[in-house]
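Presented sequentially are two complexes of chain A, the first with chain B as partner and the second with chain C.
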Partner chain A sequence: MSDKVNTAATEATKAPKESKAGESKSQEPTEGGALSNKELKELKKREKAAKRAAQKEAQGISPEQQQKLAEQKKEKNQERQMATNTNLRKKLDSSLIKDDNKKKIPAMFSHLETREQRNASSPSISHIVHPAILSLSLKISSYKIVGSIPRLTSMLEVFKTIIKDYKTPSNTSLQRHLTGHLSHQIEYLKSARPLSVSMGNAIRWLKQEISHIPLDLKELEAKTLLCEKIDDFIKEKIELSDRVIIENASKHITNGSTILTFGHSQVLEQLFKYCVTEQNKMFNLVIVDSRPLFEGKKLLRNLVDTHYMPGSEEVGSETTSEVSSISSRGPKPKPITQDFIKVHYVLINSLSSTILEDVDCVFLGAHAMLSNGRLYSRVGTGLIAMMCHNRNIPVLTCCESVKFSDKVQLDSVTNNELADSEDLLQNLNGKEAPKKKAVALEQFMKQFEHNEPQAPVKPTQKGKSQPKKITVGEEERDSKHESPLKDWKNIPNLNILNIMYDLTPPEYIKKVITELGALPPSSVPVILREYRST
Partner chain B sequence: MSQDFDITQVYLKFLEDDQDMTMPIAAIESLVTMLRIKQPSTSSELINLVKSNTDKLKSSISNAISLSAGCDLFMRFVLRNINLYSDWESCRRDLVENGELFVQRAKESRSKAAQFGLPFIKDDDIILVHSFSRVVYQMLLMAKKEKLIRFRVIVTESRPSEKGYHMASLLRTAGIPVEVIVDNAVGYVIHKVDKIIVGAEGVAESGGIINHIGSYQIGCLAKTNNKPFYVVTESHKFVRLFPLAPDDLPNQISPVLSATNSSINAILESESDNPKSLLSIQQIDFTPHEFITALITDLGVLTPSAVSEELIKIWYD
Partner chain C sequence: MVDNKQLKPEITALLNPVVDQLTRHQITGDKTIALEISHLLMRVISATRWSNPYDLVNTIRQVGVVLQAALPREFICGNIVRRVLSIIRVEIEENLELDPNSESNTMMSSIFSLLSTNNNTVKQESLIQSKKQSSDLRSIIIQGIRDLIDEIINVNEGLENMSADLIHDNEILLTPTPNSSTVLQFLIKARSKRKFTVLVTENYPNEIEQTHKFIKKLADNKIETILIPDTTTFAMMSRVGKVIVGSNTVFANGGCMSNSGVSNVVECAREHKTPVFAVAGLYKLSPLYPFNRNDLIKVGNSGKVLNYSDYELLENVDIITNPLNDYIPPENIDIYITNIGGFAPSFIYRIVLDNYKPEDNNLE
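Showing the complex of A and B:
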């Protein structure tokens, strides 16, 4: 009962208080004298309530009406409280989502942070977040930017703009304040997706660089110095490293060999292009892909978009835009997939059959390399490595040293990233990558639906800004073709798990190619030691 | 005088003059000699000279794995030292001097490795040895002469080079009981063998070894029979190579064999209707690291994965 009701009630019952006290006292001995204080209080309360009810009935209000009144008062009270609350939305989000999602993750993975929890816990600091970070986190959370290295480079680019726009407050120094300022931005970035290992490594490096800036340096100079350092970092740790890795790895792609790869990795994409454009190799490529992100399609598209001039001896790597200008004169450029790379595109389910029969070599991308030699990569990698190891196909992985982590992990359960379960339900026809859904909007819609059940929500365009997949499904499919998972949130004991990464044990990996050389996975700690020392 | 210098000739002469010299040391020696004779006048000329001669040497010698290890090591040594001096004359002089020191040290490493390996040999051991290896021989000799350990050795015949006979005769003169078996009989004797000791042409980055053909099979047999498989080698044989399979090795496909080996020549020269002409001959194979128990080197006894650590230390410090 809320206070309001109580005070009103006490006023009403003030008069007969004395008599009531006397009554209760007289009752005491009849009950056997064994009543404790607590029981006594309970008894008094009951009496009070009974009296109040009696009084109200005397005034002409029925007990049902009384209850209604009380509820109304309660609601009013709550509303007021919420209005005064500063982070009203945050509370609403977290409370509402948490309880209807907690059950929706298998108990084994319940310790992992869901996207909703991440969003809900996103700090209320959006007003000091740089707009570049806002747009970056949007891109990352909608998988527009996906993959460890693209995320890292775009993050560093954004950091550069942040540093350029940064002004040190009057009573502090850049060395002290900028780190904290960046931390806020990173905090916000984390709400999009957890930071990758490479991003963590880069952030650690950047913070160290900031603290190493000499104190007597002017702000502008310090800022340009930092930007230069970031540029160098990108160049040294990513671009040049990739070149070295590619040169090393290209030895394993020979004319006529068959290479298998999984999903999309930036360095592998460059490797395949390099083998064609620089070395004129012809080989077969099996791209294994999987739901829900279909990153293999991205690799395929990028390969198809790479062109060469058929007439000339040397193959140039022109992008489509350049090509269009050239095409007016001379022979027409052809995509490299036409003559050089024969591509098979398969889904991971068909891996077991004849696909593996004449594969010579498997190249896998990496998200991180853990210090016990385990490869932490897109979910499905472990399966492929295991199958290929079983068939004695060498499994190689290309991994820049910035992705090396000194963590040790024994299974992929303790630490992983949960993606949105809806992604697995979305586009079952698999035409495009899943869209980001706006949590706040969804909350709003949910409330809306509560008030007006079955309010028809018109989808503007397929999947666009339309967080509710269910409504899209309703429009698109006949009721008989409806997905059985449509109402999964309301089916008890039905969980949907969409996990991002898995671990590949070191015994399945033959070789890790880094810019420091190729090594067996057992030598990962060596790289870590080298990396830390530099 | 600089025109008529032929690095390959010098190299072969070094090998011929000193039967105890291994290929990487001969390569380094010939490079140092080359520097002494050619007298380069700028550092870039020096680097180019070393580079071109290394390439020449590598291409002219058929089995270039341990050779290239030596060349790469010397190149690394040159590049690291070249920045240390301000004055070019002293730099060049020191380079030649240090090169000689380098050769000296490399030569000593064999006895060092043998020294580290001594505790592995015990009384009453039966040791299986594959082919001929100077460092294995030195180790066995030391165990016999210095430690007075009584052990027996089984040597494989190691076709096609048949260097096993050479090893056996050397061991017999040293007074070690020795027995030669054909390569196919390794499985027959493996159950009574206590340990297997082999040398190496080169050690790959993974810790796997490139060695005389047949080592891989012995490694497999040793693993299934749970016998320790030791590799005794000098650290200058560590190469920056990482073959995935034996056919990844450079120069492996073409079985160009050295002209000195008479038995193979006989096979090659036999008439074409002879069924032996169908024989394809390989000289070296690659034993992956999972079959190797330990590498006994002049740096100490290493696990296979420690090799990449040593290599990274050499190349990135």
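Showing the complex of A and C:
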């Protein structure tokens, strides 16, 4: 399907391209001439420099001083002009915030990288990194955007704005330069969190698309073409795929059945909504949740925000005008969790036999399906899949084919993502989601402390704690409980491990539902081959 | 308030403050409860007057019923009462054996005893002691309870001696019960002979503060400690050498009660063929069988699972559960380490028989 669309699109753009073929050819010789031009320019420069030197000597500046000044100028110019890839990379790296003495990882995981932190406000990168990327990486690192698919879509949307704002530098072509430009953006984005498998797949696809853009296409048209392609990708690989998956998976949810799910997955959330709003099913949903992200709460909140009335066709989460018009006629549409979905909310530690006794089916989200049939997903998934498998409860997973990876992995230790250990020390009473401290602010505070070690620090700390005291009395008690681990980084034998993912063996999974059909996990490599070949 | 008509007022006066404290959960921790109960029973025994020693047995049984009602989901009270009862019964039987007319009753534990008629009732009526005899019995029983108290206090010593046999150098251990002082003492003792790493699960939401204190203590004792969230057990289990579980109650079938979430961990361990050993003092062994497993689970404050301030979510949720403990079936435990040695779960019934009298399994 997509290929047809793509070829059609390329054909459509071919026509203007041919007309421009002549122009691009005519540009080429000038490029060749540019080299000789450079030589000419340098000659002229030397002449000028000689003139100036003569002038300055006349003014009373020695030639040695002149040389120094000239060199300094040259260096400055070089810095400005040398916007090569390596140079940009260096600049990006220079903005890394190094916190070397405070990194504590268990020896078993020392091969994994901790999250790099970059100083967003550093002026050296402001001209390299697009502001949209800055805001996206902030959202990702603070878990505002979490989950493989939401991260993917938001990244592609941001890429669209970057491409729109992109201007090809004078001496290169879009096909050559844009990939590099995007790489720098991605490099920065990685500092928020490592890329997900789906993001990696999409980036690979996008780079390929960029390289396939005909050379003679005008910049503006090439950019619109790319944006269209990205839109198509989102539509085809995510939205339509999800719809196919949901239609397929909804067969497993019958009236009155009990479904168990873990955390939050976008496609599963849509599935549960679809079963109510399109199929009028009533079922019990066990939401299993865990620290520190509490993604189950997010699923619950999103379900609560979905209103539905059996009679009315309109399904709107936040469409106020419709709601008010309905309310004037009859009863208000209620949240679907009131009448249709009976929610049982538990934390993972209570997943003992009593809860699993009457579960009919388990739906799990996926971060990636690995080539050896293992499911790479939010940490805890493996535990649930194992327990349900042992009790003969079918375990299903819904996974778009963008999440398929040709990597193989055997256990969760060799490759994983390390999250911030501090997340496990905050929010002990489950009141709010983990908050990310602003890195730049922290850095600034540190400098502040260095400069004036005593006086100004105390008031800032007080300012921090005071509002807490006023709002919540428990907070204070909380901090008292926290105290044994307050400076855990200075306790030599203590480590806190907060990994993001784990690996579920294929034998626990009954079925993987993708847009290409439902298959056993052992068929993942088959799909990968088919997918690559097209 | 205790309103047991059969108990004498002087005993209810002794009982009331303890029962109140138990029902208010002012006495927490298995060990403290056990010690409190044994001291209480000592006081009860010294306050009771009897001519027939079986009157004393009946009084203690009634006290046991009251104590069990105070903490219906904890088995410690019942265990201690039964231990004391067995001390009393052993003494009475010894006295009877001195008496040439009485026949010994050693077959109780075997299947044949099912067929034999219980002639205790006859004995009970016939057995009248003089004042001298009863005061002798009293001092012997109180000495027995003193020994029991010593055993409870020094429970860790017997356990600790086995640590070196069970842990090898550079081993990675995992413990899902950070509120157990027995596990803590066991690990600290093991550190003196071995160097190892301990993974500790968070046990959110009920024991998280205790967990933090626990890992701080471990780290202070130079044990390499890693805190992991409850979800991470499956991911880490492939690297774990042994799982150490603290238990609240060990049943006669070899199953035990422990913190909520432990059941997940031991199931994980079985899946990975990782050995699991449970540590338990002898006083935690219960002669009861867990026939109704779901009834054993205590449920706690659900506000810890979904905070009450999230009222919007709360009113849309049908059920929220916060179980405080878990039943662990015997097949998920490889070995029990007690203060008198290590035993397979299948052998626990035998140890139970050594310490309790089957007549007292049902106190009512």
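Everything below uses one rule, namely that the second predicted complex is superposed on the first by the 357 of 534 C-alpha atoms of A that agree within 3 Å, B and C clash if a C-alpha of one lies under 4 Å from a C-alpha of the other, contacts with A are read in each partner's own complex, and residues count from 1 in each chain.
Following the convention adopted for this analysis, a residue touches a chain if its C-beta (ideal position, glycine included) is under 8 Å from a C-beta of that chain, and two chains touch if they have at least 3 such contacts.
Predicted model only: the values in this text are computed from it and were never measured.
Steric overlap between chain B and chain C is absent once the structures are superposed on chain A; the two fit side by side. Touching more residues of chain A than its counterpart among chain B and chain C is C. Contact with chain C, but none with chain B, is seen for A:Pro492 once the two complexes are overlaid on the shared chain.
By the touch criterion stated above, A:Leu40 is placed in contact with neither chain B nor chain C. Of the two partner chains placed by superposition, only chain C is touched by A:Met386; chain B is not.
Of the two partner chains placed around the shared chain by superposition, chain C is the only one that A:Lys342 touches, whereas chain B remains out of contact. Of the two partner chains, chain B is the only one touched by A:Val526; chain C is not.
With both structures placed on the common chain, the touch criterion links A:Gly517 to chain B but leaves chain C unconnected. Touch criterion met: A:Pro394 reaches chain B, while chain C stays clear of it. Of the two partner chains placed around the shared chain by superposition, neither chain B nor chain C is touched by A:Leu138.
With chain A used as the common frame, the shortest Cα distance separating chain B from chain C works out to 19 Å. In the superposition on chain A, no residue of chain A contacts both chain B and chain C. Touching chain B in their complex are the following residues of chain A: 252, 361, 394, 396, 510-511, 516-520, 522-523, 526-527, 530.
Every residue of chain C that touches chain A in the complex is listed here, in rising order: 172, 197, 199, 202-205, 208-209, 212-213, 215-216, 218-220, 222-236, 238-239, 259-261, 263-264, 267-268, 271, 293-294, 297, 304-307, 309-310, 312-313, 316-323, 326-327. By the touch rule above, chain A contacts chain C in their complex via residues 106, 108, 284, 290-292, 297, 300-301, 303-304, 335, 337-338, 342-355, 378-380, 382-383, 386-387, 390, 411-413, 416, 424-425, 428-431, 481-482, 484-485, 491-499, 501-503. Across the complex, chain A is touched by residues 205-207, 240, 242, 244-245, 289, 304-305, 308-309, 311-312, 315-316 of chain B.
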